[in-house]
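Before any comments, here is the structure.
So that you can tell them apart, the chains are marked A, B, C and D in the order they are listed, and the count of residues begins at 1 in each.
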Amino acid sequence: MEYTILILLLPFLSFLVLGLAGMKMSNRLAGTIGTVVLGIVAVASYYTAFDYFAAGRGADGTFPTLMPYNAVWLPISESLHIDMGILLDPISVMMLVVISTVSLMVHIYSFGYMKGERGFQRYYAFLSLFTMSMLGLVVATNIFQMYLFWELVGVSSYLLIGFYYTKKEAIAASKKAFIVTRFADLGFLVGILFYGYYAGTFTFTPQLQMLASAGAMIPLALGLMFIGGAGKSAMFPLHIWLPDAMEGPTPVSALIHAATMVVAGVYLVARMFPLFIGYAPEVLHWVAYVGAFTAFYAASVACVQSDIKRVLAFSTISQIGFMMVGLGVCTSADPHDGGLGYMAGMFHLFTHAMFKALLFLGAGCIIHAVHSNEMSAMGGLRKYMPVTHITFLIACLAISGIPPFSGFFSKDEILTACFAFSPVMGWVMSFIAAMTAFYMFRLYYGIFWGRENKELHARHVPHEAPLSMTVPLIFLALVTCGAGFIPFGEFISSNGQSYTIHLDSQVAITSVCIAVVAIAVATWMYLRERQPVADQLAKTFKGLHRAAYHRFYIDDIYQFVTHKVIFACVSTPIAWFDRHVVDQFMNFLAWCTNASSEEIRSWQSGNVQQYTRVFLGGVLVLVLVLLLI
Amino acid sequence: MIQMEYYLVVSTIMMFAGIYGFFTRRNLLAILISVELILNSVDINFAVFNRFLFPGQLEGFFFALFAIGVSAAETAVAIAIIINIYRNIRNIQVKNMNELNG
Amino acid sequence: MNILSLFVLVPLLMLLGLWLSKSINQIRGVMVAGSTALLGLAVALVFMYLGERASGNTAEMLFMADYVWYAPLNIHYTIGVDGISVAMLLLSAIIVFTGTFASWRLQPLTKEYFLWFCLLSLGVFGFFICIDLFTMFMFYEVALIPMYLLIGVWGSGRKEYSAMKLTLMLMGASALLLAGILGIYFGSGATTMNILEIAALHNIPFEQQCIWFPLTFIGFGVLGALFPFHTWSPDGHASAPTAVSMLHAGVLMKLGGYGCFRVAMYLMPEAAQELSWIFIILTTISVVYGAFSACVQKDLKYINAYSSVSHCGLVLFAILMMNSTASTGAILQMLSHGLMTALFFALIGMIYGRTHTRDIRELNGLMRIMPFLAVGYVIAGLANLGLPGLSGFIAEMTIFNGAFMNDDVFHRTVTIIACTSIVITAVYILRVVGKILYGTCTNEHHLKLTDATWDERLAVIFLVVAVAGLGLAPFWISDMIHESVLPIVSHLALN
Amino acid sequence: MRPELSLIAVILLLFFFDLFAKGKARDYFQPLACVLMAVHVLVNVVPSREAFSLFGSMYQYVPMMSIVKTVMAIGTLVVILQASNWLVGDDTRHKQGEFYVLLLSTLLGMNFMISAGNFLMFFIALELASVPMACLVAFDKYKHHSAEAGAKYILSALFSSGLMLYGISMLYGTTGTLYFDDMAARLSGTPLQVMALVFFFSGLGFKISLVPFHLWTADAYQGAPTTVTGYLSVVSKGAAAFTLMVILMKVFAPMVAEWQTVLFWLIIASITIGNLFAIRQQNMKRFLAFSSISQAGYVMLGVIGGNAMGMTSLVFYLLVYLAANLAAFGIVNVIERNSGKLDMDDYNGLYRTNPKLAFLMTLALFSLAGIPPFAGFFSKFFIFMAAFSEGFHLLVVIALLNTIISLYYYLRVVKAMYINPSDAPIATFRSDGYTRLSLVLCMAGVLLLGIASSVYDGIHLFSFGL
């Protein structure tokens, strides 16, 4: 399967071409290059997937792990070396498909959305760079290659968030995103260092005796790696960068901050899953707890946000929490016995990518139409933009877990896994699922129904988005409708064996009921022009509401830590110390020399008698020195 | 018979008298005279050492003679220079001779 | 004629040519010809070296030549290179080449400027090719002293103060160094000052080593911006003209690390083992400390100077880890830091040349005004914070991996502390980029500024390509360096 | 005996020329003197290989001595070259003859001093070297400073020679001989002899101007005519230093521990105090005076080791120091003649107006500061090596740290010439041929002595016999 190299090379080339020669090109040409290349990449990935799965299972009933390419890139020591290569196994192939699909959709969509933007070529160059790095991340043959592309992903995300580099918020957001994830990556790096030292390799398949001898170091390494994953996947408390990242162009949010990059952490955990299960199950459970808490926290915040992209951002965080929980609740590698969560998490990753991208792209259309992110500027848009309305509704149903949309199946599997793990976890997650349904429909009604901002719409009539934007919506909507029926377990499961998904009827029914109830509540509260209940609630729970609206002040805490603590209490004193102590000490030496030279000036009085006195004195002193010592 | 020590005492006294004079006189000529004291005390030393310790030879005496001659030459030059100073600043006080300092 | 001697001969010829040249164009001609020749030499040397190694020549030093100089004192002019010095020579050649173009339009006293410039590069090249302690030291000082005039005459700001401070501190260091060298020579009882021979004898008494090792290490370390002897660096760099900052941060500071490794550690392994912990602490401090102080600086050059303190601290830190991986990383870091800092200073100089200010509070929105320089700056910044694909990443990763191989708590702790520097680096780099490049330009004087001229573009592009080349294909140079540090490291591991 | 004889010949020739030459002939005085000195140098440049002694070993000879004498002769030649533009002045034109005779007789005295084998001989030679020197210092007899400097010099000289004689008398009293060889055999280091050693030491310390016997130096240097200052700072200092080494090694060999202690402290004191004073000098001559004091300290590093390497490096150091210092004085002199300016501030912006001079000055100062690739670096390194090889580690480190201070004040001058702005810089002028020739000679020394190792090797060839 040597052609897979194209999947990495082509986007890189298009990045170089657009980056170097972009200035000379017309927007259309640049966009076309980027899109065509991505189209080829998408086709290649689909063919790879087909090729790979069609090749069938090996003797042990699992899909073989292929490495078409693997070459030493940077030798570290005799045993350790960083390789560059392509690794194909079920999850990486699945990710290839997801990334190339969403990316292609975003490329097409951006034609319409970014029309006439300054720096159109730069935009497409960065998109290609991002796609390349993301693809490189998923096909990494070793943890270090993963880290390498991980960093590249971070940088391209930084560049894309800061695409509108004249906007203050955009600059701040991009900086925040990069530094927060970088901080998390520190954990990742140290984890890799531990792993490399004790496992004696960077590959994902170390010798077992090495691991056995490593003892508690492997869980430590895995835990540190998870910190890195938590950073990229916006797990609490490292989630703060994601909502701000919405400052970037909306298609970018769809691609990076909904579908692909933010699930890198999930992918990382899935990639290390065998080690987690084998050597650090307790760490895996912590992953579950973190995921659960994040899911709850994000859902509760999402319930009160008024900026639609922020709502979507928090729902993303929440959904990633679901995936983490799915992976975390695994207790063994056997899907029939506690290993179900793995498959569920991956499945949810897949479906979520599709419908969340759909949601964001839809939001993009809406913002494009009303030139604002605030719900206050919307309401009653259903009559202006039907296509967007329908597709958005589908996505909302999917994320709320209403059959037959894809979200239902994947979320159901996760819930099943949770109940298998512990009833508490099960009920908690079901409740969060309900919240999800609630805030998604609050959003839906707020945009398409609810109280309409008449005068604004009168001043400037919202219009349906152009074809280049609606086509991706429709495509993704179709996928969202159909994806649920993919026999996902056939392809991916915790032990690689084939696993047929069967719906656990009582979990399914409960979750659906809960979702329906939540939707009903949302409808009751937000459908109509006047929304007494909502306003009443907001009034009664004023404090809670404000706190939630301000995301429980986590950002302010960070603000405090970075500016007040790091800058004011560390850097400034250090700089002061450097200038006024270390440096002054050197000047002090010079000063001493000068001062002493001034001091002894009088010795040279110009009086010859004093000279000879000193002369004789010197002689006598020397005599004494010699005679006494 | 006077022993050597007496001579040495005398010469030493001369020596330090000369040094004292050198340190305290205000007039260049006086200083010059003190220097002569120093040099002559040395001459006495040589003579005495030669006479009492190494009577067989004349090195000390000759050294003394040469020293006298040389010191005469030195004094001559010194006086010439002092006269030159007098020409320039109309006096030969040491205290006026400290323009060069620091 | 040994190819290495050409590295000394060419600058001499350049000096001669400059002496004779009358017009600005002749001067430029001489400089371009000379620096190009040096670059060509360096590249040729790399290939010859690799060829020699490929043909199975396993001698520690290649292209060795030995001319007796002061027979009564056993002083020879002994030259030879291993992978480390080859890499350093290449680096120096690149910096000299780009530095020539970075100071293309320098005024006034252009001729004198380039004379001192050539003398400086003469010293640098000589230092890297020599393996005789005396000759090494001589070239070392030759490289130091032109700095005074280069900064004092052509510099900016408090140039007299900075130049004097820099010169005195570095010369003070070299005084200690001289004592150390004499100590090594007489302590080892060698019959020449040849490093290889002294290392082979390996009989400097331990208690003497404990005296001479710190002297030598500090002597070189000051040039490597070892805390707390780094304070010459911010002022010096801030006042120096563009190309001088490039050469100084890009090459001269590398003399420090190189010397620490090649002389201090190699010749006095026992003391190195014994005392390394002190210097490990110091270097760890300078790594973090430099990064933190860079965070709050207002002057672009100060920011960069402090980040140099941090990165060069990492070099010494890695050397002290005393295993082949970390040492390889140290050399890689020297290369990468040399290139990217040179790039940084070049760009800062060019921006300063237009805006006449380096205060980040007065600069903003340059991306719109001078896109080329701005993009170059961003690339330099990304290289600085260790973006994969650029040179910084490989160096730091090798260092951290190597440092992590000493599995005791002390080394682990300092390694993790050092790792944090990559986050802080990101903080100050992004701070600067966000402040001066992004946003909208509020200063109307800056609005009509022009972008880079062709000579500036040449210098920048050349350095960017070098940085990216090292970052994308590190394996060959890393191999070359790795097999050259092995003898030294094994010598350290002997006891 | 060759150098002394040829020198006496030169002196007599010049003396008679001064007596009989009239009118236009006197214009050839300068070239004649230069030629004769040049001949003198050439005659003695190749030393005779074997050691010998004359006059019942009152006069002793080893090849090294002849090398030192040649070095001194070269120095004198350079001084004469530099003196030209001063001597042709109105108030000195008629006494050129005196100048040469006095100058050369001091040189003669130094030659004898170097080769002395007996304290009487040594004493007379020393006085021969110092008494005419006083006349030279006071040569500008219409300048009060010159006279004052002369007076201070001669009085201090008298005082020091008094003490030295006192010391010699004690030596004589305790050993009963004045011959170096016999005395070496009879010295035992009794307290009296220790005292005598110190007294004697002070006499030469005075001429080398080691702290604390140095206080006359700055004043005499500043007041004396600049060329004479150069001569004082290089030739007489060098001869005295070498003589000191000879006597310490030949005569006081039994008391090596004592004189090493003395030297140890004197070196530290000289280097440090000299530097500290030099830091804030404004007058160039005074500045160079203090720098020469600290240089004297470095020279003594070659003596303290008391080994062959030390002797070689000492002579080499003297040669290099001669080249660099005379270059500096030559430039100071020519600037003083052409603009009458002597202060460091007057040198501001010199590079703009007189680039060549400024550049040469820079090289000379760098060489004095011991910066490669100039000769000073090598000589300093070797002399450190010599002291280090004898285990004076601490001393070397202290001396090394002092080089930083010295670098500082040498750079002050460079700074003045290159960096400091000036509204009234010294006007551009063209220096005369003699001066240029002398500067060329010095620069050749500064640039080549270090790089071309043959000179050092040559000296090394003869460093035996003591």
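In this section, contacts are C-beta pairs under 8 Å (C-beta built on N, C-alpha and C of every residue); 3 or more make two chains touch, one makes a residue touch a chain.
Treat the numbers as computed from the prediction; the structure is a model and nothing was measured.
Taking the mean of all protein Cα atoms as the centre, the chain whose own Cα mean lies nearest is C.
Looking at C-D and B-D, the interface holding more C-beta pairs in contact is that of B-D. With centres defined as mean CA coordinates, chain C is found 65 Å away from chain B. Rounded to a whole number, the gap between the C-alpha centres of chain C and chain D is 42 angstrom. Per-chain CA centroids place chain B at a distance of 27 Å from chain D. Chain A and chain C have CA centres that are 37 Å apart.
Multi-chain contact residues of chain A (touching two or more other chains) are listed as 601, 604, 606, 608, 612, 616.
Residue positions 22, 31, 97, 99-102 of chain B each touch two or more of the other chains. Shown for chain D are the residues that touch two or more other chains, namely 151-152, 155, 159, 163, 218-219.
Under the contact rule defined at the top, the touching pairs of chains are A-B, A-C, A-D, B-D, C-D. Those residues of chain A that touch chain B in the complex are listed here as 601, 604-609, 612-613, 616.
Residues 151-152, 155-156, 159-160, 163, 191, 194-195, 197-199, 201-202, 206, 211-213, 215-216, 218-219, 258, 261-262, 265-266, 273, 276-277, 279-280, 405 of chain D are the ones touching chain A in the complex. Contact residues of chain C toward chain A in the complex are 165, 168-169, 227-228, 230-232, 235, 289, 292-293, 295-297, 323-325, 365, 367-368, 382, 385-389, 393-394, 397-398, 400-402, 404-405, 407, 415-416, 419-420, 422-423, 426-427, 430-431, 434, 437-440, 474-475, 478-479, 482. The touching residues of chain D, when paired with chain B in their complex, are 119-120, 123-124, 127, 131, 134-135, 138, 141-145, 147-152, 154-155, 157-159, 161-163, 165-166, 168-170, 172-173, 176-178, 218-219, 222-223, 281, 286.
Taken in their complex, chain D has these residues touching chain C: 309, 312, 366, 371-373, 377, 381-382, 384-385, 388-389, 393, 396-397, 400-401, 403-404, 407-408, 411, 414-415, 418-419, 453, 456-457, 460.
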